[in-house]
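Paired with subunit B in one complex and with subunit C in the other, subunit A is shared by the two complexes that follow.
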Partner chain A sequence: MATLNQTISDAQGHASLVRRNKNQDILIAGLGMLILVIAISTLLAMFLDLFITGLPRLQDPDFYMSFPSRKAEQAGILSAWVGTILVMIVTAAISIPLGVAAGVYLEEYAGSNWMTDLIEINVTNLAGVPSIVYGLLALGLFIYAFGMSETVLVAGLVLSLLILPVIIVSTREAIRSIPEAYKEAAIGLGADQWQTTYAYILPAARPGIITGAIVGLSRAIGETAPIITIGALTYIAFLPNAPISGDFPFINFDWITSPFTVMPIQMFSWVSRPQAEFQINAAAAGVVLMVLTLMMNAIAIYIRYKVRHKD
Partner chain B sequence: MTSFSKSIGMMKNVSTTAEPVATKRTHSAPPPASAGQEDTWLLEPEEELRARVSDLEFWYGDGTQAIQKLNMPLVDKRVTALIGPSGCGKSTFLRCLNRMHDLYKGVKYSGEITLMPENVNLIELDPMVVRLRVGMVFQKPNPFPKTIYENTIAGLRIRGIKKRAVLDEMAEKSLRQAALWDEVKDRLHQSALSLSGGQQQRLCIARALAVQPDILLLDEPTSALDPIATARIEDLLNELEGQVTILMVTHNMQQAARISNYTAYMYMGQLVEFNETDALFTRPKCQRTEDYISGRFG
Partner chain C sequence: MNKALTAASVTLMSGILAAPFAMAAETVQVDGSSTVFPITEAVAEEFQKEMKGDIRVTVGVSGTGGGFKKFCNGETAATGASRPIKKEEAELCKQNGIEFIELPVSMDALTVVIHPDNDWATTMTVEELKKVWEPEAQGKITNWNQIRSSFPDKPLRLYGAGTDSGTYDYFTAAIVGKEHSSRGDFTASEDDNVLVQGVANDPSAMGFFGLAYYEENKDKLDAVAISWKGKEAVLPSVETAGNGSYQPLSRPIFMYASKNKMQSEPHSMKFMEYYLNEDKSADLVEEVGYVPMSSESYQAALRTLRELEVGTAFTGSEIGVNVVELLSRDKHY
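Here is the complex of A and B:
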């Protein structure tokens, strides 16, 4: 006891303790900084390399507005970026409602029994399944079993499967982070479970859900393997029917069943050609794809930032 | 109300905070001659009742029994204060009355809470039906992250009321009742989170009043507030006497004395004494009540 008291009131000891802690802080901060610098400079070097290589094509407006071609200097990414956007629209339209609904169900409605435990373990594991396995599943199920062809719809379906776990998990986390007090306030006013969820919990959880959805979509936008597996074409020299037209009924969904290509596939096709000029195209397409992905992540970060600074 | 008379009102109340236990009704009571010898004491009020709790018992999901054979009347349109040491089951009892516990798994009730003119057992009703009639205000203000207006009429929306005129009218009426109207009438469509803690709590009271509940439960509604905000809410509760049946948990015995007509003292999940407030504080019937209110423990 006496020694303890001595230690506690030993001023010199305190000074050395503080010094040791400070040194530790500096060490950890320095290490973190180092790792961060390595990671960022790798990314930056890659991006710069692509950018410099692709610059001749990036500067050419025709690059964005032409179809692929056998001549490298005439080949463009029009069908690829249109395809990417259409596939993303289908993916978002399928995965967000399904994923949010599943997350809400698991978090708010399902009791906890062995069934929901099983579902929970599976959802978490699914997030770690290699994407090509999803491609094989889609090939077997959608193409062979259901007789669908390699269309925008099938691509959207397989990418939706791929990112559903991400959206489900982030929805659950967003809902779980809502203070119990909101829920009790709504229930205490006489709201039923659906009113509570729909009118009070989901709006409060929206930022977290949107962030999760965007993180999922930015993963989907770069996916190549599952889309190649389902047999997407690498050479598409036409655009799907525009979804909006001047004639009645003005809106059509032909594009959903249209063949397509996407940015990563276009890149892959160019990279695998022997001619050096195509490597320039590939690099330029890579820059465009990275910019698309970074933009989506920027939106996610912006939403999180806005929420954090609201209260 | 002008801001001048308001500040007078506030000052009056602030000053009472510092006084020793002064009861609401002014007729002077003799000091406790000798603390009562009773073990428990349950006054049978002469006024009309809104509910009667009989042999209520409650268990949490983990098997903890938090309420034991609790008996107590709840007088119609009067303020009843619930006091007792921390952990004695005040919040648990309060949350039985709007069946909030039913949100969580494995809880169990036994006994009866009979709602008076209807003569139905609240424990056997659908919890949703109960919550439509019994409002609640929590210890920490918990407005929704929506506008002040939307918060006020949240309960009306839940009940499917859509007519703009009705909503507007009820919003103004309940904000006035909660003495908040003058402060927020120009910013009804701003976020409720921009209000101060005391304003938020009055907003929560307005939200609970907007649906005209039969019974209003308050769980330490002023414990997170400063003395001025507390005084305003006490004024408000005083005004509600005669309109709503109120059951309020408080740790502040001066507060219980200032605003309640009846007081119940709970200890370890049981009711020790239920009496008129001034009687309970000046002539407690039970030694345990006497010990608690005189600060000898708790």
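Here is the complex of A and C:
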């Protein structure tokens, strides 16, 4: 009898414990939801505000195809968006291969000794260094020491430095999340380390790596400080030479050494103008910048989707 | 196939590596102060239109100090400055063999502004402003009635240009009497639109910034007429700043041109001549909210440029300078 009572009260105890934990779950879920709603609605409110303010210019096709001007209603973002896209191409071309290679090396090849530890600590800390510091580094190194001029290439290099830590860390996390059994199976079949990395680990880690790269590039696209530091222009009314031309050798890389400006700089320049019409331009430029970022994310999601469905 | 690819990529690579050291021809490179930027942008726009794409102009905004650094490094043909060149900067130019030509390009009037509801402080003397802004006022002068006993008992809230700006330097030199010296307890911002918002929303506020920001916000702000050395109070406007009667807060802003580049790059010389051509640029200056100089000033500046007269006319910070007189001085380099 006593044991029965004991069992019943135990069961009741458990039931109340379960109920309490369930309530806690609901509470946490509700709290999470609330925070999410606040975050998203802040973003939406900002975006909507920019959109409504900038609408008159956003509807105007000339806005996308004109150079900056002293007349707000004629000023456009052509040099800025072209510059931003070119800089992002260079940044991606440099930072993704380097970052992924470094991540793979640190995770798969590097021995565990003090050197590796030192590199690890440095990489993690570099991710938190303010971007202006990278700008100063690039100014001293690329421009003053190497004698390069203020070009798309230098901007791509400095933004690459800025986002390398992000890509390295996310590559390592992605690789670490792959079950050890994959690797063991590959090695068991006689694959050497490179074959294992290339044929098994990289494909399995691809979604994580792509996410990391996009997070990095999304940060880079909005950066102003390091690009201003290396001397990006504010007013430029011509485009870099087109990469494809009718004459031999048909492809050229002149654009990489061209002077440039980028969207955030153009926006900043307009925000600080006294005339209210320039504020409309600035808002419209803000919307375009956000859409560019969202497009980059969309491309990443598409690639990830493709990769998953191929397997 | 493989060989062709390798050859192609080697060509590409060498192109990439060699190219950063080359620069596109016929480009005028200008940098400098954000205060001068709107004028330079407008002039560059019209100049390029008139040259039909034969000459290109690029304009950066590294600030007055940052602009001089590049200029004295030989990177730019000209640089905008909201204050005269400093001794250290001139020294740096000298070390690198860059000879500079000092050219006033427009006038700016620093405007003291109040809320439209403020009907008591529509005129003030420089001494009264000094009482408010000097370092000793910090924490002490906090009520309008401390400035003049007839002013009402209302808290005084202050807004002003950021302490890194040429605007702040000139304001303190003109009002407090010592450059870069003021009380610290005011709302400072490098973005003048923030200051406009601050004063427009606060009936007991006082602030200062460039004339253009007042002209664009006349419906939200009132300007204070300023009396200097016992003279009649003068309201800031395009007219009073242009003819020099609004003192001590009107000042010239400058372009510094490199003699070396003016000689070696005919297209840069052409651009600067266009900049100082009254028929071309006076309207542009006014359009972007600044004050054009007098005709004599334009002519004197153009002569200084053409005769490649190097050096600065300043020996320290000066207030209430006359542009024509400034250009006729003996310059030192």
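To be clear about the criterion, the second predicted complex is superposed on the first by the 280 of 311 C-alpha atoms of A that agree within 3 Å, B and C clash if a C-alpha of one lies under 4 Å from a C-alpha of the other, contacts with A are read in each partner's own complex, and residues count from 1 in each chain.
The definition used in the following text is that contacts are C-beta pairs under 8 Å (C-beta built on N, C-alpha and C of every residue); 3 or more make two chains touch, one makes a residue touch a chain.
Here the structure is a predicted model, which is why all the values come from computation and not from measurement.
Asks: Quick one: on subunit A, after the overlay, do subunit B and subunit C clash, or do they fit? Just give me the call.
Replies: Overlaying the two structures gives subunit B and subunit C room side by side.
Asks: Kindly classify A:Gly188 by the partners it touches after superposition: subunit B alone (first), subunit C alone (second), both, or neither?
Replies: It touches subunit B, and subunit C stays clear.
Asks: Report for A:Val307: first if it touches subunit B alone, second if subunit C alone, otherwise both or neither.
Replies: Touch status of A:Val307: no partner.
Asks: If you stack the two complexes on chain A, which partner ends up touching A:Ala204: first (subunit B), second (subunit C), both, or neither?
Replies: First partner only.
Asks: Of the partners subunit B and subunit C, which touch A:Pro274 in the superposed model: first, second, both, neither?
Replies: A:Pro274 contacts subunit C only, not subunit B.
Asks: Using the superposition described at the top, determine whether subunit B or subunit C touches more residues of subunit A.
Replies: Per-residue touch count on subunit A favours C.
Asks: Once chain A of both complexes is superposed, is A:Leu136 in touch with subunit B (first), subunit C (second), both, or neither?
Replies: Neither partner.
Asks: With subunit A at the apex, figure out the C-alpha centre angle toward subunit B and subunit C and round it to a multiple of 10 degrees.
Replies: The vertex angle at subunit A equals 160 degrees.
Asks: Which value in Å is the smallest Cα separation between subunit B and subunit C when the structures are fitted on chain A?
Replies: Least C-alpha distance: 18 Å.
Asks: In the complex formed with subunit A, which residues of subunit B make contact?
Replies: 98, 100, 103, 105, 128, 131-132, 135-136, 138, 140, 142-146, 154-155, 157-159, 193, 204, 207-208, 211
Asks: Touching subunit C in the complex: which residues of subunit A?
Replies: Touch residues, subunit A against subunit C: 68-70, 147-151, 153-154, 228, 231-238, 249, 251-254, 256-259, 269, 271-276, 279.
Asks: Residues of subunit A touching subunit B in their complex?
Replies: For this pair, the touching residues of subunit A are 111, 179, 181-192, 195, 199-200, 203-204, 310-311.
Asks: So in the complex, the part of subunit C that touches subunit A is made up of which residues?
Replies: 8, 11-12, 15-16, 19-24, 27, 31, 34, 37-38, 40-42, 44-45, 48, 53, 56-62, 70, 75, 191-193, 210, 212-213, 215-217, 284, 287-289
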